[in-house]
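Written below as structure tokens is the structure these notes are about.
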Amino acid sequence: MKPIRLGMVGGGSGAFIGAIHRIAARMDGHFQLVAGALSSDPTRAQASADELGLRSYSDFNDMAQAEAAREDGIQAVSIVTPNHMHAAPAVAFLRAGIHVICDKPLAATPEQAAQIAGAAAESRARFFLTHNYSALPMVREARALVAEGALGDIRLVQAEYLQGWLSDDAQSKQADWRTDPARAGAGALGDIGTHAWQLAGFVTGMTPSHVSADLSSMVPGRPIDDDARVALRYPSGTKGGLWASQVAVGQENGLSLRVFGTKAALEWRLDTSERLVFTPKDGPAQIMTRAQDRSGSFRTPPGHPEGYLEGFANLYSDVAAIIRGDDSNADRVPGLADGLSGMAFIAAAKQSSDRDGAWVEVMA
Amino acid sequence: MKPIRLGMVGGGSGAFIGAIHRIAARMDGHFQLVAGALSSDPTRAQASADELGLRSYSDFNDMAQAEAAREDGIQAVSIVTPNHMHAAPAVAFLRAGIHVICDKPLAATPEQAAQIAGAAAESRARFFLTHNYSALPMVREARALVAEGALGDIRLVQAEYLQGWLSDDAQSKQADWRTDPARAGAGALGDIGTHAWQLAGFVTGMTPSHVSADLSSMVPGRPIDDDARVALRYPSGTKGGLWASQVAVGQENGLSLRVFGTKAALEWRLDTSERLVFTPKDGPAQIMTRAQDRSGSFRTPPGHPEGYLEGFANLYSDVAAIIRGDDSNADRVPGLADGLSGMAFIAAAKQSSDRDGAWVEVMA
Amino acid sequence: MKPIRLGMVGGGSGAFIGAIHRIAARMDGHFQLVAGALSSDPTRAQASADELGLRSYSDFNDMAQAEAAREDGIQAVSIVTPNHMHAAPAVAFLRAGIHVICDKPLAATPEQAAQIAGAAAESRARFFLTHNYSALPMVREARALVAEGALGDIRLVQAEYLQGWLSDDAQSKQADWRTDPARAGAGALGDIGTHAWQLAGFVTGMTPSHVSADLSSMVPGRPIDDDARVALRYPSGTKGGLWASQVAVGQENGLSLRVFGTKAALEWRLDTSERLVFTPKDGPAQIMTRAQDRSGSFRTPPGHPEGYLEGFANLYSDVAAIIRGDDSNADRVPGLADGLSGMAFIAAAKQSSDRDGAWVEVMA
Amino acid sequence: MKPIRLGMVGGGSGAFIGAIHRIAARMDGHFQLVAGALSSDPTRAQASADELGLRSYSDFNDMAQAEAAREDGIQAVSIVTPNHMHAAPAVAFLRAGIHVICDKPLAATPEQAAQIAGAAAESRARFFLTHNYSALPMVREARALVAEGALGDIRLVQAEYLQGWLSDDAQSKQADWRTDPARAGAGALGDIGTHAWQLAGFVTGMTPSHVSADLSSMVPGRPIDDDARVALRYPSGTKGGLWASQVAVGQENGLSLRVFGTKAALEWRLDTSERLVFTPKDGPAQIMTRAQDRSGSFRTPPGHPEGYLEGFANLYSDVAAIIRGDDSNADRVPGLADGLSGMAFIAAAKQSSDRDGAWVEVMA
């Protein structure tokens, strides 16, 4: 099978997530990166593209049109720009009939999100959102367990995403745009809170109808939330909590999910990402590993640690299958609905926090 | 040094916490149990007392008067009855000039709490409340670290107490009164939530000024809360969360505390009670053990596991020292103020939950 | 039921293991300590006895005779002296018809061990050896799992007991006699190696027939072993290893056991003493807790940490039952056979190490 | 920088380690796979090569000559055949001046190893051995800590590699040649024991001079060792142990290393591969992560789990640098000396086991 021709918007030299997407795209051999608009600075765009041996564009609109016109043009594009720069390229490539693989969250504003949704509705091309953590094998197994009823009725859900790297007013390229309301839209809530939101939804198959939020800016002078505590209510009566923080000193990347049902509970933590703790009501906790996984989302035998990059690669491989016409795993690949749900979560949480924690409906 | 003569109210055969108090009282040899009103059922009271070789009373008021009149009467009494039966004996013994060691929470209602407070104010006898978890060595070390500024300014506090044993409508003596509003006053909130509240306050030295709560009765037909999610706000701007649940399937006794400051973080969990994880902002996490403890609250070298009973025994030993006139460690022994604070927490959380999560001031 | 009258030899002020035995004896209320020969120094013996309110003896032979003659004399005695002082008092009390509870290892020399064995054979009194770790609930459950065949045929056994406290030539009362060949008999091998040996035997129900050992004195000038590596061969073809070290820097009290069979494996570690990891060949690891224990060897519900002192107390409670005529649990209480097995292990390991690791038969 | 042109011998469809090498080679973009002799079966070789888009050869000798003659011929070759088929292709490519990246162990027999050594000595091409675990960041950091003296003098070394997958006489392509003495040379000892041996040597910088071994075939009828217990003695007086087993039921891939020095200890386990526990003699254990790593051997920030594939990719990236002329990290890349050391270990362990555990010198 020939690799799918891939383009990239953003991800010039020094970028973080662009390099991740490139490794993920080549890990399983399903994609070949051939073109890019890697930077809004034309010189830098060209230099970065040369380093990678790509056709270079200084403008993503030009790129979308030119690639669509080429016989050997890209079939899919990865968008790895800051949040406020997702919508414009996404719309351009969707209109050009080119599949879009977009980093999360969907956009910086509800308006931008709506633009993407509109373009997607009118395009024959597909839209994917890289909520990579939900592509890890033990997360997929967790979802399977819930879906088959192994937990019974779900009563309690607790999702956390704790980081400490923004506990100071440190300056870095990564920190810069993430703490700028104009470019990020939301702080901890958007950057990592949406991951926790999507993870909880992916595993439980349920979405909260109402949230009550308390957003804080713990670092003096910071114009955006760096700590978000959100209480969740589900239509079923299930209660939950979501806590996202970037000022939790000492936490490197503390994503975790706990779900308690009437029959069993499960716990998953990113820092032991290849273990899933499943505890039946009347028995010992079971430490599930990939030996128990039924998704097949890995490359090595159990006990050979895989992780973050492989999670991204799982998504790219699933996307490749879809692009090649195989939709059998499409339901586990995050897409527009996840993005819109995340945007609705951000909007409701902000509104609730502004109203001192009043319960606000999530309008997905 | 001669053992302190101790009495007990409650704790007849089949009782749980009474047996715990008796082991704790004799572990370090500071107390000798000599008298008791072990049950409201006179026959059972006598039988239980006979088994333990105690002077038996069928009424705690008689006991308070008789013991106060004897030359060799009890010097202290342990009250280990259900919550609604704390106040009457506590008042009786305080009035008789006999020190009171009372199980938590302070009482089932604010009125009962006020009665104890009134009696304590007029008595020369002391009042102690057995929040045993805060007497464990690594918790005491955690408190010392916060007090000396090792964490910097505290930004985030998260306390959890998760159990699964009431996830069904099972019947047992222990479950029975704990799910009866008249006898317990509050459910998860009172039985375990007050432990988490006291633990967070003990370690951080701070008390939230406002709470926003969502109380649930997850088991159909249960007339009392079995899950309590409470958001916390401190006068300093610190934010926090407290989650107490008795329907968290698979959780045996999951008490934990996490505190994040500007300079460091700490995490303690009851299921690894002899480890304290201290993570400075710019260095590896440190797994502190009793080798680092400075409270001396143990009997064996590090690596020889101690736990629950020893925590109770630490309290009894501290109480013995106070009764014998040594107040040097009195500040680490929970007492009336802790009890009243717990009652204020329960009241505020209930009020907030009734008002759909509105922020309510904690009137301690 | 009236407490059993208990005496003690050794355990004067400043002693470690004597205080442990006293707490264990009183924890469950089955014993009352009434007499002692607490020190070979008469003044110190008297002072220590006064502090504890005991009848004091300056000589254990006098004590054995006097107590045997009294109507209210002791029924059992705890021997908590250094290894070389076990045999003489054990023989004296056994001859006087008083039950003996002796700390491990059995003795400092094979000759002393034989004296105890001889006296025990001629006495109607019982002899118990406090291998306390095998009295912890999850260890007892491990043994039950092996006994019922849950592991299939056992192939591999690995026992470790690692400490770091003797990594220097530090001076202390505890270190002093333990590194003196005349008083200790053996170093790491005897002090902790015999614990690991007994633990492995207790759980697996099997004893190695041959050992190959490499004993070292890692601290320059130390006249006794402080590190012992022993390979084990069982009659069944099972292979094993035992590693005991007192120079494993950073290890507080690292006792552990791993057993691999044809059908399942189990792992137990003292630092997580209330968990037993059971891994069937074709399924996830199960984290067993006291909720799965079938020995009933505890005082609190699962999740309320118990440990070292409670293990000792389990032994004292079992011993009390035996003294009172109930032998139903006698097979789980270590006694003379365990002591002689430990002595045979020491002798065989020393001989093997002297012969550069030649395989030596264990002559139990 | 243009990718290095890479060939492969072995690794046809269905192979395990060949696919791993391919992912590792492309992960960081330093290699492009262009040619292969993927199977000894010509039809299968061609089919596998077609699938990967490679120039296909049915014979590795032809391949070596043809590629050496091409202007655009391969610059390096990966050898991923069973052990007994390492030497012949390695010699062929070394003679052709093509760099060799060979899977471990070096060979099935000492004679084969000597052939490789001879060819390497006469070739200008380099020889690399993929002991991938020593390329993980925390292992490299462990080595740096030892090298800078953070542990003081090393006293004790314990390496383990435990797997359970061969606990039955199950048939599979992977199991087949690994349990055939002719193709594997050694069983657990060679397949995983050499990994543990290299890991211990890499981290400590020391090699044992003598071993005493006990090799077993636990599965009835198996003609090769599946459990190897080896005691180690170092010239410095350091003692150690190495345990490799393929019948340790429930163990997926349990590689671990513990090192105890006079000043500190360290512990690393593959199942928590991104943590290194460093315990100074007088302080709490420190949980080091990539935040403390100084090797830079990773692609993502701390907290984003990397693992097995990335370890392989670290080696491929280091090899790429060396091929391109940068030897600054050559000392951390395993090569011929490691391979010969592993062979000497196997030979000495077999000889010792045949002589009932006699201490045998390791003739490296």
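Order as written gives the chain letters A, B, C and D; numbering starts at 1 within each chain.
We adopt the following convention: contacts are C-beta pairs under 8 Å (C-beta built on N, C-alpha and C of every residue); 3 or more make two chains touch, one makes a residue touch a chain.
Per UniProt, the chains are A, B, C, D = Predicted dehydrogenase.
If you're wondering where the values come from, they're calculated on a predicted model, not measured in any experiment.
When the C-beta pairs in contact are tallied for A-C and for C-D, the bigger tally goes to C-D.
The greatest centre-to-centre gap from subunit D (Predicted dehydrogenase), using C-alpha centroids, is found for B. Subunit C (Predicted dehydrogenase) and subunit D (Predicted dehydrogenase) have Cα centroids lying 43 Å from one another.
Taking each chain's centre as the average of its CA atoms, subunit B (Predicted dehydrogenase) and subunit C (Predicted dehydrogenase) sit 36 Å apart. Mean C-alpha position of subunit A (Predicted dehydrogenase) lies 55 Å from that of subunit C (Predicted dehydrogenase). The set of subunit C (Predicted dehydrogenase) residues that touch two or more partner chains comprises 251, 285, 289, 291.
Looking at the complex, you find that subunit B (Predicted dehydrogenase) touches subunit C (Predicted dehydrogenase) at residues 16, 19-20, 22-23, 26-29, 52, 163, 165, 251-254, 270-274, 289, 291, 299-310.
On the side of subunit B (Predicted dehydrogenase), the complex with subunit D (Predicted dehydrogenase) involves touching residues 278, 283-289, 291-292. By the touch rule above, subunit C (Predicted dehydrogenase) contacts subunit D (Predicted dehydrogenase) in their complex via residues 155-156, 158, 164, 167, 212, 214, 216, 218, 227, 229, 231, 233, 239, 241, 243, 245, 247-251, 260-265, 279-281, 285, 356-359.
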